[in-house]
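Chains: A, B and C, in written order; residue numbering restarts at 1 for each.
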Amino acid sequence: MSAPLVEIENLNVRFHGPRTVHAVNGVSLRLEAGETLGILGESGSGKSVTLKTLLRLLPENRTEIGGSVRVDGVDILSLDGRALADHRGGVASMIFQDPMLALDPVYNIGEQIAEAVIRHEGCDKAAGWARALDMLTRVRIPSPERRLKAYPHEMSGGMRQRAMIALALACRPKLLLADEPTTALDATVQIQILLLLRELQREFGMGMIFVTHDIGVAVEVSDRVAVMYAGEIVESGSVRDLIRDPRHPYTKGLLAANLHGAVKGARLQAIPGAPPALDAVPAACSFAPRCPLKLASCDLARPPVAVPAPGRSVRCVLAG
Amino acid sequence: MSTASFETIATAGTSPGYWSGVLRRLGRDPVAMFALLVILAMVLMAVFAPLIAPADPYRGQMLRRLRPIGTPGFPLGTDELGRDMLTRLIYGARLSLLMGVTPVFIAFFIGSAIGITAGYLGGKVNTVLMRTVDVFFAFPSVLLAIALSGALGAGIFNGLLSLTIVFIPPIARIAESVTTAVRKIEYVEAARASGASALTIVRVHVLGNVIGPIFVYATGLISVSLILASGLSFLGLGVKPPEPEWGLMLNTLRNAIYVQPWVAALPGAMIFITSISFNLLSDGLRSAMDLKS
Amino acid sequence: MSAPTSARTTLSTSKAGPSTAGPLLSINGLTKHFPLKGGLFGQSRGVVRAVDGISFDVAEGETLGIVGESGCGKSTTARLLVDLISPDSGSVILGGRTLGVDLTVRDLRRQVQMVFQDSYASLNPRLTMQDAIAFGPMVNGMARDKAVALARDLLARVGLDPGRFAGRYPHELSGGQRQRVNIARALAFSPKIVVLDEAVSALDKSVEAQVLNLLADLKAELGLTYIFISHDLNVVRYMSDRVMVMYLGQVAEIGPVDALYAAPAHPYSQALLAAMPSMDPDRRTMEAPLAGDPPNPINPPPGCRFHTRCRQADAVCSVTVPVLHALPQKGHLASCHLHIPGSGHTGAAPRTELAP
């Protein structure tokens, strides 16, 4: 077994400003080549911050990153200059919720893809444009020859998302990072993009980390799922195990809140309260204040990570 | 429904929490506080000029014309008519601040009224009001001020009038765009759904949320107004000699620029310091009024 | 738009719902087109057919869910219901009184209130929670001290301690708390109907469940009627008694929630339900039910508006506009040629004596 594609050890991310925010607290995760990991969490859970660390997209001057992050054997935190530029888009690339922000409005789609290919692979212009056409075909954009000359604002929402995926995959990255890429889309378009990503991931044999707040979306694309809460991974495991047998009270609450199969008229088992403010490193279980199964010990120390079955981990005293 | 009850709601909503927070944040901004101190010093200097100034601003002696800075008895030298520069700079703050602040202050009210009306009502009212404003806005402000002053003739009042007219269009534009943005926010829709009249909505929900940005913008215009007023005086419009006014002083001293360059530059330095202080204060105000920070 | 009117008779006679008297709210042929202005002199460059001749009834005490994708007109419908925008044609009848005839806008707004999606934008950043809620009653003539007392009472009712929250500003509250305040503000009028326009969509899932529980409690306590607009089909299923599916400004299908979810009749409703992500890792979605994006409501396709994306489209679909037609299940109607006997669609049953 070769080294994993992504290996994050004890990642800590703090944002300094008027008040310090402890966005990520001791996150460790692995991703094998060709595997898809879904990171599930609500706003402020640290899921996007974790993802952005893999491309070093966080503002350098006010972010403090601790721990180690390795992608394809390379230490990401020590990259700079040219090496970082090669990493971004070459080894790992990212797709976002809003393609209008990721695509440049003054260049057409073909130019943007060709330019990225020429920069990363040093090929000539013709080869760049050939790759652009190939990519638009692969993301199933109808009449791709014509669409090469289209500008982002001339495309519909779903089409723009496809164009952004084509741009992200143009240099054949080993790792695709997806930050809620279907959240802003209509339901019938969302499922098309999810299926496309699933197919492309298999076709290119790349690893994918997919950040989302929607359990259904995570189920559609992921092999494994990590659930984040208050900057920590509270539970991880195969998507099957997690959906059928959630062990962490937060995961259970999230599944209930999805309302899939909720009985009409019956009261929802809502998680009370709100997530904690992240102005200190958690000294106890972050979920304890909202937890229906809380024990006295939960307020005293951070619960250890329990491994109830191979490939699963739960940060809860009840799971041990 | 009484009008008084809305006054209470409006003030209850704005003054204690919001404005005290703005002042507290402004107080923590060292640059803005320094700028405020400079402006306060200028104002005090203008108010107490007769007490502070060492000499008579109008009386000069031909024998001691254009003395350099540091001459005994004349710490900042003398001008082309042998008048004490320090005295004239202190007295100059009176007219210069008057010419700088008053037009912006008046234009703030008129421009805001036009802009908020156009922005909230929209449609044809907006088109008529804003296209009219655009006609004035199309001229460069310096050119417009000179043209108006030229047409009205020299004098302090005509200078103030023409500067006020110059500043109404930009303030109205800002007011219109801010109001148009606020009008589309859901809380204004919610207020409409509660059956409130347009006037009530503007007073309770629109005014408090647009007046801040307009005020910040207007504060920034004071520096422009100072320079324009000085420019008018420099050209012989606006303030007339022998009144001490920084722009006018700059004009009359320009022949002495090769003889006593430092003395000749002093009124310019005063204009520069005052206008940059207003700019820095308006920047500080802008960030202090940002609720999300 | 005359086509849906013919189906309305069927709708009101076979309507599902607890009420035996007339409907509380009745919408007839409601239409709103927005002109697209452009150029120097604001000449028209076309119209957005945001809402195009929709008709439906709402019974007292029920929850009507409205679902559809962007551009289907569900938010425009919500704003038409509280007269934030005025319809081009069609009527709004509330409790037997017609808006603009014997019902004033003021009366309508007192009885029909709305909660918006964006909890932050819905609250004036310069007003305390107490003043935000008291504003409406004061506009309608209540004295300030009484309005403030009412506001504090309502804050408690939506689960916010007035002692802690009455004097706070919107930015000091979380999204869930702000949405509770917005609900309290809507309730300040003691309305009969509350229109919830994506009111829980922006909230995190765990907070959303709390607000849904609150909405259920308030409905039971105050006997409210909800019009619940959402893009989340799970939430709509949980909340609604009946569901209306909209597509490009028109009603595609309307019916009791269980019947519609179990056996959606309109191909668009079928696609919408099939597009929901699977919750079973062993039965993931294998094929997208629809290709492409929803078309633009500026120039909607002729005939059935869905025919350009419909797998079951036939020649008749691009020519004739289908009307809402009653299905075997009581109160279930769909506007699809497939279900209209004798429509000319090859999949439709032959014309019978009963059909118009």
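Rule of thumb we're sticking to: a contact is a pair of C-beta atoms (placed from the backbone, for glycine too) under 8 Å apart; a residue touches a chain by one contact, two chains touch by 3 or more.
What you are looking at is a predicted structure, and each value in this text was computed from that prediction instead of being measured.
J.: Give me the set of chains touching chain A intersected with the set touching chain B.
T.: Touching chain A and chain B alike, sorted by label: C.
J.: Contact counts by the stated rule: is the higher one at A-C or B-C?
T.: Comparing A-C with B-C, the pair joined by more C-beta contacts is A-C.
J.: Among all other chains, pick the one whose mean CA position is farthest from the mean CA position of chain C.
T.: Measuring from the centre of chain C, the most distant chain centre belongs to B.
J.: Using CA atom averages as chain centres, what separation in Å is found between chain B and chain C?
T.: Each chain's C-alpha centroid was found; their separation is 51 Å.
J.: Determine the centre-to-centre distance between chain A and chain C, using the mean Cα coordinates as centres, and give it in whole Å.
T.: Computed value for the inter-centroid distance: 33 Å.
J.: Would you pull the chain A residues touching chain C in the complex into a rising list?
T.: So the residues of chain A touching chain C come out as 42-43, 156-159, 186-192, 194-195, 213-217, 219-220, 239-240, 243, 253-254, 256-262, 264-265, 267-272, 274-275, 290.
J.: Contact residues on chain C for chain B in the complex?
T.: Residues 42, 79, 82, 84, 105-106, 109-110, 113-114, 116, 118, 121-128, 131-132, 134-136, 138-141, 143-144, 167, 169, 171, 182, 185, 189 of chain C touch chain B in their complex.
J.: Report the residues of chain B in contact with chain C in the complex, numbered from low to high.
T.: Checking each residue of chain B against chain C gives 1, 5-6, 8-9, 12-14, 17-18, 127, 185-187, 189-197, 200, 204-205, 208-209, 291-292.
J.: Report the residues of chain C in contact with chain A in the complex, numbered from low to high.
T.: 69-70, 174, 176, 204-210, 212-213, 216, 231, 233-235, 237-239, 257, 271-272, 275-282, 284-294
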